[in-house]
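Sharing a structure here in structure tokens format.
Chain naming follows the written order as A, B, C, D, E and F, and within any one chain the residues start at number 1.
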């Protein structure tokens, strides 16, 4: 239980990629981490692209970056909505400043683009948003998982196993 | 019938925003323009976010930029797919070079970002992709319709009336 | 903006044909008309056959025929419900008496049948309800758009461009 | 098994009212009747408004009125399609001439309107099509089941029990 | 109307098999029986696997076994939920003790398994739960309808006609 | 990568519980195991209760128990179908005889009931099938994960983290 005592926040909104949200969340819980799902409204059920539900533990507005040791951003169409919340972007910027692990997969990169924390970073993502990532100042590579400092990125659902593992390792300080 | 003789291509893929695709297409036809729907596969029915169907007249691969006097890109999630086709990007780049009218609405801007034709242009779009537009070199303003040279852009479905009108005027050379 | 100052009411209920409702509404707004969506309940979202939403501006019960210069009836399955409201039929009858433009497309004709205003009129519609139109006293022809006095009728979605144009012309007094 | 040896054809198309199709069909089979589902294409599965499937035993084109002792027409939106097939209308007209039992429920009346066999008949139906029935020459009453000679009609799903019973009695010659 | 005066309760929960619920219910009403739909919550609409609605007349908690002359359990996935309610199991046990007719079809058998009333009984069901029925002490046979004392069982929708008839006969005391 | 070289088969059919299928599969792959999805038809996409797809690597008919070191059975409604395949039951029986790890979660227990391998075993499952498990000879307890020899069982999605970990440990021989 090497993640015992670690707290992670995962951002949620409608039409998240179902497995990209849930696999890393459950995986971190397996090693003892406490993972909160945060969304526009606490207590509400949001549904993934396929329909898997996720009930929000917290509202964006009640989050404090200091409470968390890491941040997860899922893929799907949810990032197109998540990136519009200043509270979310603030938390990502502070996590970036504090060099806490930030995990992004597939279309999640849009949220980091809006947070403005990709300049000079090496990342991957779905090829669909490669141009947005590059325009935001990142160097884009086509690999299952890319770890650049505290930033962990991945491409798509078939990469979930190494992605979640890499994020867990980073969170554990390994 | 001031658009008689004009030919326009509109790009299509699954999960287009239903009205953002169909309103401008029918509107241009009303004034005599011939509008082709082009998609990855000709003859196939693609469905919008709500489910309205659109059967492709042409495949991307059989398009020639010289055949058209204008280009339309709809919103929805389709642009995330459309931007991945080099043939589409080539046609947009040539239309841009030839200063032919290019219409984009809502999330359509992603395709123009990938075509690399937004540098120094004044545009609008859904606020959700404002950062991607800005990072691609555009100046973003929050107005129902923005016309900058041959580039006509708009924000979302409630702006469809002035958007289609502005594109028709541009196509008519007015 | 030749329709500036004109007011039009469009009847709505669940399972309207998505484009048959929205194309004429947006088209009239483009030329300056004020178009109200009226349904059984004001402020409620009704969804088309494919799922496109339409929020009602007005409830049937609060409508007054004198407030409007024209009436639109969309197709789909909604007409099967719309025709059951006496308030709707009253407004149609008064618009008919006042010779204000009335637009109907596809299955919309059922509502005019129930209003009893088709006797001696030349109309078109989806072929599916041809017999109901004929039994109500109309002469049915198979043309994209039929204009008989203040009555404008059309067959189906591919006829939307000339249909909306003909209704706009009639409303403009042309 | 008082219906042993009796053959009935029931018309089917997409979006039939699920119970209005299946209750009478199974009910007649219970008493020994052989009931065929006929649709535009034999062997194909059609789905009701809610999604219950019905696989067609016969295509309309291969039907012969002489083979059947009675005809059933279900409600839902299917009648709007069924009424467009001349083969269907021919069978209804011959059954009417031969005074064989014809059952209709809810919106099924549209098919009989198009067959032109309602003149002078007393019927019921969903109130939604009352005007179409009346315009076709019928006298419309608001009762759960109406039997006028060989014609058996009903209003909606809550009337299924007496409707199916009345049709079975008529088929049995009682 | 040989079932006049008879009262039957039919258990309902989400995802019942649409026809397996409704055919027997309407069939018994045809002969005069009063049939109540009972579910976890009275007045709420539950939907079948295909989507056909069923509004509950009664809540499980307000039922009294003495009020009914027979019990129906539909198939589908609903039995997986229905079997978890002690009130339902109590009613089944008392009906069994009182030798009142109990009808089960398809997956309904799970509820009788949980009520513990299958020991030594001859039954049928969907083949899918044959092992659960056998393990509960029943003798399983592959026949359209099986009547063992007051217990009437059936396999699947194509068996509905003889199943409902057999239950009605049993309820009538024939 | 302690599971390098281990091979596991996971049974699939329509309407599996989406996370109950995918979490353990990806989790085992993370540690190097090769996991095959097996279904009635190889190469076909099956969809979970919410709609997440799973393409079958193998058909049931081409499986050989000797090729695998462990077996996974997901929950949802899929087990109701999976339990009907003799090939599946044979593989489970042989894995049981060979004392290879067998994982079951939620409704998966039905498949083990039909394989007849629960006699004298301590297990858990969704409470919904507790009676079926008990009748099959098992002792049922209400705990997140139960390990009895080579048999690993769990209750529902919130238990996925410890369930997958327990199965991985067992597969690793720990």
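The rule is short, and it goes like this: contacts are C-beta pairs under 8 Å (C-beta built on N, C-alpha and C of every residue); 3 or more make two chains touch, one makes a residue touch a chain.
Chains and their UniProt names: A, B, C, D, E, F = Type 1 glutamine amidotransferase domain-containing protein.
Bear in mind the structure is a predicted one, so any value in this text is a computation, not a measurement.
Interface repeat of B-C: among A-F, A-B or C-D, over half of the contact pairs recur, by residue number, only in A-F.
At the interface between chain A and chain B, over half of the residue numbers involved are used by both copies, so each side presents largely the same positions. C-beta contact counts were set side by side for C-D and A-F; A-F has more. Averaging C-alpha coordinates per chain places the centre of chain D 30 Å away from that of chain E.
Centre-to-centre separation of chain B and chain E, using mean CA positions: 58 Å.
Chain centres here are Cα averages; for chain E and chain F they lie 32 Å apart.
Contact with two or more other chains is made by no residue of chain C. Taken as a graph of touching chains, this assembly forms a single closed ring in which every chain touches exactly two others. Tracing the ring of inter-chain contacts outward from chain C, first into chain D, gives the chain sequence C, D, E, F, A, B. Residues 77, 80-81, 83-84, 107, 110, 113-114, 127-129, 131-132, 135-136 of chain B touch chain A in their complex.
Here chain D touches chain E in the complex through residues 18-19, 22-23, 26-27, 29-30, 48, 50-52, 160-162, 164-165, going by the rule given at the top.
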